[in-house]
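Notes for the one structure printed next.
Think of it as A, B, C and D in the order they're written, each chain with its own count starting at 1.
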Amino acid sequence: MLSIPVHYFLILGAILFGLGVVGVITRRNAIVIFMSIELMLNAVNLTFLAFSNYLNNVEGHIFVFMIMVVAAAEVAVGLAIIVAIFRLRETVHVDDIRLLKW
Amino acid sequence: MALESILFWLFAMLAVGGGVGVVVHPNPVKSALFLVVTFFALAGEYVLLMAHFVAIVHIAVYAGAIMVLFLFVIMLLNVQEESRLAGVWGFMRYFSVVLFVALFVQLGYFGYQGFFGAENVPLVRETEIGTVEQIGTALFSQYVLPFEIASILLLTAMIGALYLSKQKLGLGEPARAARVKEALHEKEEAH
Amino acid sequence: MEDFIWLIPLMPLLGAIINGLFGHVLKGKAGLIASIAVLISFLYSVKAFLMVLDGVTFDGDLFTWIAAGSFQANFGLRIDQLSSVMMLVVSGVGFLIHVYANGYMHGDRSVGRFFAYMNLFVFSMLMLVMGNNLLLLYLGWEGVGLCSYLLIGYFYDKPSAAKAGLKAFLVNRVGDFGFAIGIFIIFTTIGTITYSGIFENVERLVSAGVVTTASLLLFMGACGKSAQFPLYIWLPDAMEGPTPVSALIHAATMVTAGVYMVARFSFLFSYSETAMLVIVIIGTFTALFAATMALVNNDIKRVLAYSTISQLGYMFIGVGVGAYAAGVFHLMTHAFFKALLFLGAGAVMHSLADETNIQKMGALYGKIKITALTFIMAWLAISGIPPFSGFFSKDEILANAYAYHPLVWFFGAVGAFITAFYMSRLVFLTFFGESRVDPEVEKHIHESPRVMTIPLMVLAFLAVVGGLVGIPQFVADLWGGSNHFHHFLEPVFAAANERLHLAHLSHALEYGLMLASVLIALGGIYLAYLMYIKKAIDPDALAAKYKGAYTTLYNKYYVDEGIDAGLLNPIVVMSRWLWHFVDERIIDGLVNVSAKIVMLISLLVRRVQTGYVQHYASVMVIGVILVLGYYLFS
Amino acid sequence: MEMASLLNIVTFMPVVGAIVLMMLPRNENQLIKSWAFLVTLVTFIASIPLFWYFDGNSAEIQFATVASWIPFIGASYHIGVDGISILLYLLTTFIMPLAILASWNSITERLKEYMIAMLILESAMLGVFISLDLLLFYVFWEAMLIPMYLLIGIWGGKRRIYAALKFVIYTMVGSVLMLVAILYLYFLNHNYTGGYTFDLLAMYNLNIPFGVQIWLFLAFALAFAIKVPMFPFHTWLPDAHVEAPTAGSVILAGVLLKMGTYGFLRFNLPLFPNAWEYFTPMFLYLGIIGILYGAWVAMVQTDVKKLVAYSSVSHLGFIVLGMFAMTVTSMQGGILQMINHGVSSGALFLAVGMIYERRHTREISEFGGVTRAMPVFSVFFMIICLSSLGLPGTNGFVGEFLILVGSYQSVPVFTIIATVGIIFAAAYLLWMFRRVMFGPLTEKNRSLTDLDGREITIMIPIIVMIFWIGIYPSTFTQKTEKTVVALLEKAKAAQVAYQMEQQREFPVEAQVITDSK
């Protein structure tokens, strides 16, 4: 029937996750960093679904659901924060926002 | 090669390509569009995993709602293309590649070692797990409490976002916001 | 007796509270209230005295004051022969001085405060003499010290007055330090501090070998309060207080507390010959030493102050040689004539617009007759002219001193000569000779009001006849009388007298000594007469001739300066060093160094905190990789 | 039984008051102040029955409440009072209304937060005095630090941050070691009995080996010595006092310092009697050094408040002497002196605060002749000074004298040196008084106004206490007597038992030790 091994999905997830990490670390634009985080979350979703299918277990789906909820909430609040910061500082570049040190 | 395999590789390449685009493209708007591509590709992978319901929700929530939100904010803030800084940022770029490789090796090793040669499971089974009915039953019986909490979380996020977006910045009257702004500038100059 | 004696100290306390709280409302009435309070005390004291005369004594507790562990001190009173005499002197002389003060302090802006302090003083002094245990004595002791402090510094606006008050309190504290340790020793050894308890257990003090130490420590307290060498330095400065205060506290009552204490503990002191000897030596030395300082001083009150110190020295000679009754007798007569002298001096100052320099007086006799006459009576009393009171008491002390050791008598006699001389000098310069008064002031010279002169007259009467209650036995034998004062006090000193066995002098010797005293006194007066009335000897020329001696005396032997330079300044310098060096450099230095070390380390470590989100994120990812690696490859 | 619940109610009443206060509107200053005062006043009034019904004829813990708190580690909510803590408990509730009144006009910034901090502080302090569970004690001990830190750090003077930090770090250094010692005791108890408990009364029954006692004693003693503060751990005190607002100083001097001496009696003596004996000479030395050192350094201060702060070092030295002299009389005197010092030094700080509010300076040289301008104030100030220097008839005398007369019985030489301190106590206080209050009225002080009704209201209870303890101290000493006797008997018995043991093991050496005493 299905000929795609489960570890294909897992490796795809790993690649996407790694790409997300690279994005978070290298990008200066807070919005793009946010998008990279979404990428990482989706990589995790993919992994969950792969396992769910492999183990024939519905809990993976539930988890993906919860992650989506969290992601939605996070995006809403996060973007609001970015907007607030932008109003105050007129920039969304994270290297301009570095007062929280020492 | 079976149709599933072709579809898998197609979607996988689209997803990875989209991901790379998100990460490397200097223009945030285009990054966002690349992300949309990735989302659609991932939805395809979900379908391959027989998670039809999740796939649909994924399209609706991510590509439909979240991405619109992203684009909206980008447009609202009128963000320019980002220019790279020398020095630290150059180093970070190479360093991130190292991190990527390390992470990929570990996660890939985990997936490969754990599941290589594992018995493939049939995609179509007698008990379907990805159906709306299945998920609905689970959500409203066993997982009803997390489900309700999730709704509260969303509500909270909504209120929080509203509060933050108000003109007052949650810091009191506008004059005070100006004062804070001034103080921040001063502090920055001190650095 | 129990039913009224507690009222005796309570009345002045009530007066003090009323005047203290409502003095600013009462104004002129404050003095009246205060005087009435002391008068009531005096009347009750008379009642108590009469009962004691009938042989009724009292020793009982009112309530428990302090009780902790084995230590117990009660609020208890003891009325016996000694304390009843003291109560009479304190409340009687106290009352007269209160009356006098009504006139003297008239128009002062805070009379209420003045009389509150005065009443508080009478209360403390009565507690001192009436208490039945050491701690109550200590309470009165420090209480009178406090009132002395407050009253000396009554004119607190004057820096010198404030300073003098502080000095008085601190010097007294030094004495109290010894007193307190004396109490500790007595309590630790015999477990009680009531007079009766100590009396019964005095043998235990002896067998523990602490009797000399305890006696000397108690005497140290007496030295402070009674201004004996070397703790006398506060008394001359104490003259900064209003004159009634000097009369009441620094002449008649408080300063005699030390004598009272030694007399009260006669049974204890008599066990230690060393202690007695020390008392005699210090008393003799002080009597002479203070008298010399009075020779050249020009301040009318300070001359009297040195005279007081000197006379207190005589009292200590008396109690030191074992003639306790004689010491107490002199205490009493001294209270009369010295209070009179001070009040008289106050009256003089009153009429001369507060002038105290005797070089700016003279020929006042005709202008303020009552004051002058009473003053002269007191002068004769202190000089030791019979039959004035001072003669009998001083003579008795000197006779007993002779029996103890002729040398003591000799020094005492020299002191008596000097006393007669400087007192005569004072009187001659003040009341006789030519007038040196500022012409502007001279116009306003006036006799003091009645309220001031009547106490003067009463005291003058007492100064004249007061000595008659203690006519020496060998004189009284002439008409078959007896020394009433001695007999009255006999029970109190019985134990000590029994142990000491005072040597009895032959009648011939006694008469001889008496005659000698009279001649000495007359000699002193005559010398002063020559110098200040006749001008046969020029005092200025004398001073110029013996310049070194004169300046030393004039500067009071530089004792104050010596103490400042030798004791106080080093302590202050050391304290500053402790503060700035030990506290701020060493201790705080160590604390700050340890803080600095932490700060240096954190200076290095905080470099990690760059403020860039990505740096933090990378560290996080590195962490994830490490943890994951640990699980995957181990 | 009702008394036990009253104890709970009184302890937590201020916190409840603080919670209500949080809901009051921010700008209603009058309401906030009145509410805080009311809460503390009611707390004080409610605490009087505790004192009244406290049975002075029993050495037992009274009004105890035992409840499970964190059962799986054996921590319980165990509170109760004995003769020592009841007095300090009352002292705390007595001082607090006065402290609130003292901050009536001087606190203008963040009044609401200030009052909340004060109320929480009160509950924490009360908790310290009644905790009979080591962990509970530790929680209260630390909880009290936070509001105090805020009081100094927010409402303090110019160098407030430095002072607040110094205060917290000093205290923390000690209390962290104490925590280690508490945990050690906890596991030691487990080794002996097999059970896990933090209960203090259970620990009392432990027979801790001498070598262990030494270290545990030191750990506890350091925490308490810093709090007392004993020389040489005292340098936080002048800074904290000088920078703290008046009410902060009052609480600091009135209550917080007593926690150190209280801790010695509650923990060190009953838990480690043998180590106590071993360290007695050292603490006696520190005590008398503190007495003289504090007095000397106080004498040369130029800042009135600093002078009073150093005088605390001196006074607390007397208490240490009284505790370590180990006689019933001296220890009773020590406990009474804790109360006296709380009243007198607290009052001194109040008085200093009153003139500071008027002149905004505390330099002695700035003043002079204040009596002329403020006669009523000068009377109060004088009485307080006299009580502080131990004039008979006032409270200071009773405590000091009991300490000295009791100590003389066991350690005469130390006592004699300590007695020198009373001379210097008079010197620094009256010298300061002369320079501030006497002399000609200087131009700068001419406009000073005398005390108003509120300030007189603050002073009167203090004066009443000064004379009450001075004239009839039995009210207080009879409550402590039995507890002290029992405490000493138990400790002495343990010490004798240890000596016997030593004698059995090393007959010769022990002989030498006992002989040399």
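To be clear about the criterion, contacts are C-beta pairs under 8 Å (C-beta built on N, C-alpha and C of every residue); 3 or more make two chains touch, one makes a residue touch a chain.
Just so you know, these numbers come straight off a predicted model, no measurement behind them.
Undergrad: Would you say A-C or C-D is joined by more C-beta pairs in contact?
TA: C-D
Undergrad: Indicate, using Cα centroids, the chain positioned nearest the centre of all protein chains shown.
TA: D
Undergrad: Computing the C-alpha centre of each chain, which chain sits at the greatest distance from chain A?
TA: C
Undergrad: Roughly how far is chain B from chain D, going centre to centre by Cα mean, in whole Å?
TA: 60
Undergrad: In whole angstrom, what separates the CA-based centres of chain C and chain D?
TA: A distance of 38 Å separates the two centres.
Undergrad: How many Å are there between the centre of chain A and the centre of chain C, using C-alpha atoms for each centre?
TA: Centres of chain A and chain C (C-alpha means) sit 92 Å apart.
Undergrad: Between chain B and chain C, what distance separates the C-alpha centroids? Give it in angstrom.
TA: Roughly 95 Å, centre to centre.
Undergrad: If a residue has to touch 2 or more other chains to count, which residues of chain B qualify?
TA: Correct list: 92, 95-96, 99, 103, 107, 110.
Undergrad: Any chance you could list the residues of chain C touching two or more other chains?
TA: 612, 614, 618, 621
Undergrad: Which chain A residues reach two or more other chains?
TA: 21, 25-26, 95, 99
Undergrad: Per the touch rule above, enumerate the chain pairs that touch, sorted by label.
TA: A-B, A-C, B-C, C-D
Undergrad: Per the contact definition, I'd like the list of chain C residues that touch chain A in the complex.
TA: Residues 606, 609-614, 617-618, 621 of chain C touch chain A in their complex.
Undergrad: Which of the residues in chain A come into contact with chain B in the complex?
TA: Touching chain B: residues 1-23, 25-29, 31-32, 34-36, 38-39, 42, 45-46, 49-50, 52-54, 56-59, 61-62, 64-66, 68-77, 79-84, 86-89, 92-93, 95, 99 of chain A.
Undergrad: Quick one: in the complex, what on chain C touches chain D?
TA: Interface residues on chain C, with respect to chain D: 20, 63-71, 110, 135, 138-139, 141-143, 146, 149, 153, 156-159, 161-163, 165-166, 169-170, 173-174, 176-177, 180-181, 183-185, 187-188, 571-572, 574-576, 578-579, 582-583, 587-588, 591, 595.
Undergrad: For a test of understanding, state which residues of chain C touch chain B in their complex under the given definition.
TA: Residues of chain C touching chain B: 612, 614, 618, 621-622, 624-625, 628-629, 632.
Undergrad: In the complex formed with chain C, which residues of chain A make contact?
TA: 21, 24-26, 33, 94-95, 97-102
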